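Structures for review follow.
Next come two complexes built around chain A: one with chain B, the other with chain C.
Right after this comes the complex of A and B.
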């Protein structure tokens, strides 16, 4: 990521649009809002993120309790996309490395979960999820070590090969991993306490779908909380330095390779958790669920939301969940049959990738933020002119 | 022994197709420093055009010509409309755009033709020649594949070596500004380069389809193999792409025959990783080592 990378940097969201001097300033004053004193949020980063986490948790509960069963399952879907996309946006947006292999990494998490839940007396769910994350992290570290030396098209090609190649393992170890049919996942039942909680909050029946949706939401909130802290910390700043100014970063004593591997590892851990939640929600881990289209869909999510922005990743994931039913209905109205209409969603992903990259490479969040800043700067300038 | 010979022959034949595909990638890389990940989908699109024509009663050869011409047009249009705005920009943007095209074309084929598997006719017989009383894995069709690839390569070499257009294309790939100062229409040369690459890509798509099944994603594996072959040859060198393609073809044929067909794609990944880690410039890198 030598010199041409700079242009992405200036156009991809807040975390990215800071020039080196600005980001040191940003370390002292975590957000522009806090420094001008107009924000209601505390200026301490951890405290602010905790507050946001709490707010989001309340919003999640309200959202899950005020919607029906079907929407609940859609939200569960949203959570696993968002977990994986959050990891990918940290990798691509903050560290400048692209990965088309996240679909395959999700497969690692999903298969691990399926295998561990198959046991006669499965381990408690959090342990299974943790094991899935750890194993994916391990695979991610292996890939990351190779990826750290690559950039741009080379990295894209290598991870593309990963996405196309890894599902072959499921076919090779047919007896163990179920071949083309894959593994059915026995999702564990909701604990007693959950029934009590739902009864207390809303009085709705506590179905298994609801339990899985809550599980996804909890995983999502934890992941995003950790990622947000990481992005705001020394680690995040170093990643940005590695992305924007290779030479300067190296001169400052930063080991480029090690930090790139770390970014890949963190990102892979998220993909593993995303895959584990996917396995629980879909109740199946099969090669057909982890095609190249999944990897490219994740890429679409983070590109449209804005590279490097967690909120953007969430927005993009919402698009991945709510767009396909919409366009499929549209296709059916236009007289396409089911299989043809099902292809409209990937078609839209592709068109969106191209259009966003040409017209608004900063994505939704980045573009809005850019407008907002320009507007504020202009207002400040005109105020200064009057004074 | 007989199996070994047959596997080697199969590997060489498919390797020659990978070589042609890798060559198409190299053509684009040399002129615009972009790896066209949409190459496979574009080739699949033109093969489906050919298939539709053949199914409606056209001859194979007429359909082939129409497919190659539509590949030419498609390549030119894609470069002019979609790639031009991101050319010379951040490398990640161009990568993402070609990936977008990749998935969009693939989905478009599935929308228009459906996602089912269709058999694609071969222009020549698919029965192996016999030597004595053993049949070897060399068929009239595979000779045609080999011949088509060789003719294409000779044609490209002739174009680049002996014509004014070829000289202009090499000049604009070598130094855009200098070429522009000397009166070369660089923009047009880039468009032409993409169009030619799309023709070569389409041809390899048609060759690999002949006598087999096609479905919208049938080129997914080929884009990986082509990329691995191109990287093996250094991404910059046409000769490297050919040698890389043949080696990949052989290696994958041996993996498929002696280990397990399910591991072919994984083997491609392993080869790619080894090459990138041990010799990132490829076997035939002409320029100085790339800064990783």
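Right after this comes the complex of A and C.
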């Protein structure tokens, strides 16, 4: 189970010696500023996270009600990316495992949702979402068992096979899963209470687009709340221990394999929920929506945002959603025709990724956090020097 | 009250104020109306002097070659139309966005077209899986969804489920029937093998063909789009002794099947459905896939195909000449291709629909106009459309032709049919010549 830990030679050794210090810097700081002496937030983790959750909920409502319908639909898009990216950042940032198969796990969630909503009398939506999460968790557990035995590039390879292979099942079981054209999803109508709520909050018309955006936001907040608690708990600390020093962790009595499987399972559950929300928002579960590109997009999102940071995952997802239309419109304004403008978007995304990697190798959140800590340490040192 | 909780209260209070302020920015919708003597902003996407039309195409990614040329044809047609005064004094503003042939993206860009760009209608959305993702949304929002660029039955079979969606091109099942009858009549002794894309495209085509030559079919092989190794399928067709192969596949698989057959020394009579037979594109793909070993589409010489629209292989056709003029005058870089002709032909039908919807069109009026008058419109397609209150299926007819070099020889007259048990009949009309400047002159049926 162990791995060479010398800091000089092998590539895997290099990876593990660098990961705790720099690339996952975003994962290591405690959440929501608990360590700062002067904080307006309570020191109890659960209470603090609940408060932040409440604040975020208010921000979400303000955001959704102050923007137009199209932005609402973009925020719905953001929510499913962020839910899945949040799970992936826990896996990669906290536990040090790389997965290229999260797109396929999202497909499991999406197809489950589509199949359950197809019934004559579909189950209530929360139940359907829960079933989607559970089923994806099960698939995640199976993959996780294999993942626990693999490291770095080998794990990436195994999950890559998942990403390439799983959508093929939809083609193989054509009668049942709809083949290439997929299953159309009938998103349930908003409950009447929702109309009342929107009428009370803002008086805007409660469209279906808005309902889906709220649904996404609720799922996102719940997921991030649970993940944040998990990351701050004994579980999160154990994951970090497994990531940073396998030998030390094992000496401390930690079963590396079991904890890796757990990380994969938690992460898969998030991907399942993300996929379920995707199916509702896109109204379709089709293999062409879950290609390798989706898995890679999630990975780039968490790398740009900062590995291990939920806020970073949100940031990276926002880039995925808002950058392409922004660049396309910018290109069109600059006089490119629509085709050229569309081709500009993937190019700019690539450039952004390269620039972030050069100037902020720990991702946006990680780099900001590193700077902040360096600055504080320097100030503390100079204060100590004066004293 | 401690200092920190006072601060918290202040933040919450600020947030509350912010949400109340946000609440004051209410939304408003468009309002209907029509008739009268002057141009009015009669519906969303319509102003006194413009009509906004949106579309989604794969402009990047694997499906982009060929298909990304369609919107340039549409754009060229609309540009020329606008120069001549547009529709009832309104210019057409055409916005097309990239979905990279990924349904998730289609959903996002159509949201943008409908909710942000506020288009009057969507036209020519391309692809079965991609457009499926927005079918419910467009019909729920009441946005006319004109002339979907795919031959699936989904777009026209059930107008009561999807009242705003219309098909345009010949559906794959009708195409299969016409091919089946042609083989039964002209190659009664052929041992037929089918090479099918493993989705509704191949499935519908197979159903149509089997209605006529079920007993002649010796093998049916399917490929999964995305898997570029078709060696096993072609070898299986060869092993089954098929001397006539019908392909319901996309252009890249035409090229792949030709290369594999060349390697295996397999020389059946090929018949590619309309979708997979564009000689120019297949030629460039062949060159690409074989890394220059095969330089043009000469492999396709003698292959059979179907056509529902004149193409660049018929330079004497009056419509093609008119489209050539439009491309020369209003088009961008590059040559006129079959894909650009396809786009222009769809734009022509759209112009007919907008004229028929009256001086001040509404979304519902546009749908009503197509249902009422659409079956009578004459245009570049060989056979008329099937539009009515009970069917939103597009054109119903095709002719079989043989590819010889860069031209095509017609083998049959234009044949028309419909889904299910409908008979195949010879179309007795003639293709109408294009109107002046290829601008339709259709009477309003709504006002």
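Heads up, the rule we're going with is that the second predicted complex is superposed on the first by the 320 of 387 C-alpha atoms of A that agree within 3 Å, B and C clash if a C-alpha of one lies under 4 Å from a C-alpha of the other, contacts with A are read in each partner's own complex, and residues count from 1 in each chain.
Here is the rule we go by: contacts are C-beta pairs under 8 Å (C-beta built on N, C-alpha and C of every residue); 3 or more make two chains touch, one makes a residue touch a chain.
Owing to the predicted nature of the structure, the values given are computational and were not obtained by experimental measurement.
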Quiz item: Taking the superposition as given, does A:293 touch the first partner, chain B, the second, chain C, both, or neither?
Solution: both
Practice problem: With the two complexes superposed on chain A, say which partner A:77 touches: chain B (first), chain C (second), both, or neither. | Solution: second
Self-check item: Touching partner for A:122 - first (chain B), second (chain C), both, neither
Solution: neither
Quiz item: Regarding the shared-chain residue A:281, is it in contact with chain B (first), chain C (second), both, or neither?
Solution: second
Exercise. In the overlay, answer first, second, both or neither for which of chain B and chain C A:188 touches.
Key: neither
Practice problem: Could you tell me if A:66 is touching chain B, chain C, both of them or neither one (first, second, both, neither)? | Solution: second
Self-check item: Which superposed partner A:339 touches (first chain B, second chain C, both, neither)
Solution: both
Exercise. Go through chain A and flag every residue that touches chain B in one model and chain C in the other.
Key: 168, 171, 293, 337, 339, 343, 345-346
Practice problem: Could you please specify the touching residues of chain C with respect to chain A in the complex? | Solution: 4-5, 7-8, 11-12, 15-16, 18-19, 21-23, 25-27, 29, 59-60, 68, 71-72, 75, 95-98, 101-104, 107-109, 111-112, 115-116, 128-130, 132-137, 140, 152, 197-200, 224-225, 332
Quiz item: Which positions of chain B touch chain A when the two form their complex?
Solution: 29, 34-35, 37, 82, 85-86, 88-97, 99-108, 110-111, 114-115, 216-217, 220-221, 223-224, 227-228, 231, 260, 262-269, 272-273, 276-277, 280, 291-292
Exercise. Give every residue of chain A touching chain B within the complex, in rising order.
Key: 2, 4-8, 92, 96, 98, 100, 146, 149-154, 156-158, 160-162, 164-169, 171-172, 292-293, 296, 299-300, 303, 331, 336-337, 339-340, 343-347, 349-354, 357-358, 361
Quiz item: In their complex, what parts of chain A are in touch with chain C?
Solution: 39-41, 51, 55, 58-59, 61-62, 65-66, 68-70, 73-74, 77, 168, 171, 174, 179-182, 184, 186, 201-205, 208-209, 278, 281-284, 286-289, 291, 293-294, 321, 325, 328, 337-339, 342-343, 345-346
